[in-house]
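What follows is one structure encoded as structure tokens, with my remarks underneath.
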Amino acid sequence: MPRFRNIAFVASDTEEAEAARATLAKRHGDVPPEQADVIVALGGDGLMLQTMHRHLKSRIPIYGMNRGSVGFLLNDYREDGLAERLESAETTVIHPLRMTAHDASGAQLLALAINEVSLFRQTYQAAKLRIAVDGTLRMDELICDGVLVSTPAGSTAYNLSAHGPIIPINTPLLALTPISPFRPRRWRGALLPNEAKVRIEVLEAAKRPVSAVADHTEFRDVLAVEVMEESGIDIFMMFDPGHTLAERILSEQFGY
Amino acid sequence: MPRFRNIAFVASDTEEAEAARATLAKRHGDVPPEQADVIVALGGDGLMLQTMHRHLKSRIPIYGMNRGSVGFLLNDYREDGLAERLESAETTVIHPLRMTAHDASGAQLLALAINEVSLFRQTYQAAKLRIAVDGTLRMDELICDGVLVSTPAGSTAYNLSAHGPIIPINTPLLALTPISPFRPRRWRGALLPNEAKVRIEVLEAAKRPVSAVADHTEFRDVLAVEVMEESGIDIFMMFDPGHTLAERILSEQFGY
Amino acid sequence: MPRFRNIAFVASDTEEAEAARATLAKRHGDVPPEQADVIVALGGDGLMLQTMHRHLKSRIPIYGMNRGSVGFLLNDYREDGLAERLESAETTVIHPLRMTAHDASGAQLLALAINEVSLFRQTYQAAKLRIAVDGTLRMDELICDGVLVSTPAGSTAYNLSAHGPIIPINTPLLALTPISPFRPRRWRGALLPNEAKVRIEVLEAAKRPVSAVADHTEFRDVLAVEVMEESGIDIFMMFDPGHTLAERILSEQFGY
Amino acid sequence: MPRFRNIAFVASDTEEAEAARATLAKRHGDVPPEQADVIVALGGDGLMLQTMHRHLKSRIPIYGMNRGSVGFLLNDYREDGLAERLESAETTVIHPLRMTAHDASGAQLLALAINEVSLFRQTYQAAKLRIAVDGTLRMDELICDGVLVSTPAGSTAYNLSAHGPIIPINTPLLALTPISPFRPRRWRGALLPNEAKVRIEVLEAAKRPVSAVADHTEFRDVLAVEVMEESGIDIFMMFDPGHTLAERILSEQFGY
């Protein structure tokens, strides 16, 4: 008796992805996500991230197949053998970040991030930030374009562009990485234990407005942001054996 | 007969700078800038940049004295001996960058920059840029936070934060430096001959809005930007012997 | 009844360290290391490393006090209160690396490293290396000055000089970091799971001789080197509360 | 009347290079270098460097054609049209570095370098160096694997591996770049005016032996090294139009 009998298909809105969805749904049926044993996502990394966000608390595993231009989080696309691939797939469990942003109105804005939470200047005025970790002030004034906190899964994304290190997927770490630090200008950031609670305050916020972004959710004009791993939420990603996310992140480190 | 008889004083609006201005004006007189042989600027690097911008085409030399928190471009402050210091000062000539930005309305926006011209994403969407140098396409798609072109004088400012190299002041070079490059993700930028003409096009500008900044002048929602050295404009900065800008930039490279 | 009744003191051969040893031995007695509950090391990081190497398999905890110029691994020196400080100290357990080097004579050379194992060119000829991780070839030709494998404890030492990342002390990772990579020239190295087995082969070894170093033990003209964590050996380092190695490595990341 | 009637061919000792030499010598004749208007070098960058070194003061231009694996300094190989290519080629003039090394015996060792002069530790003991520029002490103690001074032509070679910047070919600069700096550990080196005179002293030379290398000439156990551009020596390299060294170094900066 297969573990993954009821499949929900989702596809990005390209012709290629829609065609794949039609073909596969015809063969395997297509149930609503809430009745599914597994969600099969057809598209690129963008769709995969979006699908994980949509079903974040459902605990339904997600198996992606690459029908997009970038497919770091996805398995190769093949029309045949899907049932067998699902049965033999390996599951990687990851946790999102929980961002709590505070703005001038006193509002508290919540969002989850699978890749990273980033703060960023909104105008030409450099951001001036203060950073505490677990209640201890660690950086009393960082003048910069911004700063980000990345999960291991997100460490090959924006974090890497900002010159942060790639982190193996199952490592209990978060990367705290400055974006174009002006002062202290040679600060390279820090690797923090995954239970760290990071608090970032925006200094001179009126003159130097800053936005906060959790993956693709953006809040403008924030005054302070807290970031921590939400270990209570498990996200299950499925990969073909020999092509797990751990393997991808490892081999990404040997690419150049 | 002294070369610098008529002095115009400018000061930033701090108590300390204003007091210095009052004291020195009493001793040396204070003429309007257009009648001056030299402008003496009392404040920090911000005031110095602002003063150079205001008198960009006047060819009047500027001698700064540090009454601010950051004084990379400034001489030490001393109340006494100003006339002698002006006579013995050494002059560094620098040239600004000319930025021509184009927006969707067809408008052409001009601004000069002493430090750098930078392009930057306006929202969480990464910028997608195309870069040509002297009419030759050099980078057909750069996905990034932005990119900047820096003069030698500006190479210790934003350029350094973005991991660009420090350039000695009299070197005929410009630095082209990416800001958080995502793809190609390990691109470190380029040093270009100072006569290079750089053209940067914004791709998918509606989805990925980008602003262009010449020092502190910001244009939003640009479609393309051209940057070149404006060698027709000479800016004269005066420094005490042994403390020239060349010396400062050299010794800055040995700081850490 | 105190846990640490029998203390062995060791000191580096400076006047200051010897004097401290005499004073403390008079107060607390001084037993041979093999009869000790704790070894108290008086000197700098060099002595601390040497003491750990000397008593690597003894499982006797080591408490260092700084009587040298560099004391990253050491507690502050104070003459008074040693017994109380030992009782309240926190223990960090670390594991060394095991290096197995092979040379042209067929000999197999073993050494343990607390900080790092490094390979390095012996002449002006660049090293040409091949790297496999867990039996999988990851880099078939690295032309470079050398390469190193670092523990978290060693990540702030040579690894950092070679532009590798700082790793929090209790993280199950090793850093594999190239030294001046010439080809692929922008390779930044990799963070590996701590159970990884790294094998490095020296190519064209006659023309391009390479030495292998485990901390301070150097073997010349090696042909291949294997490196792995020796999880069977526990090294116990003691630190005053609030000044643990974890805290030091964390705060080191915020220094600049 | 052609400028380049008398051609001397040199080839590296591979079958392919020797065959090319035989073919071309049959067509164009082959005179001894001292009677030649131009030397045509057939091989890789190694041969090109060697040929420049051999004829360093001859002022005979050198035109390389790529019959090797790496050909950054070379033109494409074609059997036909050599006379026409020589007539239309553009000439780049570069200058070597002059290294003066001093050893314990009091000997003074001279060598010229086209790419770079580097100092390097000979054993596992880190080098301890002191650096002065134009008689001014700039770095009183650099603990490191070594340090190098590179010409613009050499800036894409070892300098780049050591994380130094690429310098456009006609820029009057030298790069001073540390190799694995341990203290100050985040020092990134400096760009110096090409007339700079760099003096590097080896501290604690008995405990920490250091070698000095000018391109491929190595001196062991040096105590001090002086490096300066030898502007009195012109080296003439010939390139096909549109493929000059300036263009190559420019486009190298856009590779990744």
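Letters A, B, C and D mark the chains as written, and numbering starts fresh at 1 in each.
Going forward, a contact is a pair of C-beta atoms (placed from the backbone, for glycine too) under 8 Å apart; a residue touches a chain by one contact, two chains touch by 3 or more.
In this text, all values refer to a predicted model and were calculated from it rather than measured experimentally.
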item	value
Maximum centroid distance from subunit D, chain identifier (CA atoms)	A
Shared interface numbering between subunit B and subunit A [over half = same, under half = different]	same
Rounded Å distance, subunit A centre to subunit C centre (Cα mean)	34
Separation of subunit B from subunit C, taking each centre as the mean of its C-alpha atoms, in whole Å	46
Multi-chain contact sites of subunit A, meaning residues that touch two or more partners	185-186, 256
Of subunit B, residues touching subunit A in the complex	118, 120, 122-124, 144-145, 157-158, 160-163, 179-182, 185-186, 211, 213, 216, 218, 256
Subunit A-facing residues of subunit C, complex	133, 138-139, 165-168, 170-173, 184-193, 250-251, 253-254, 256
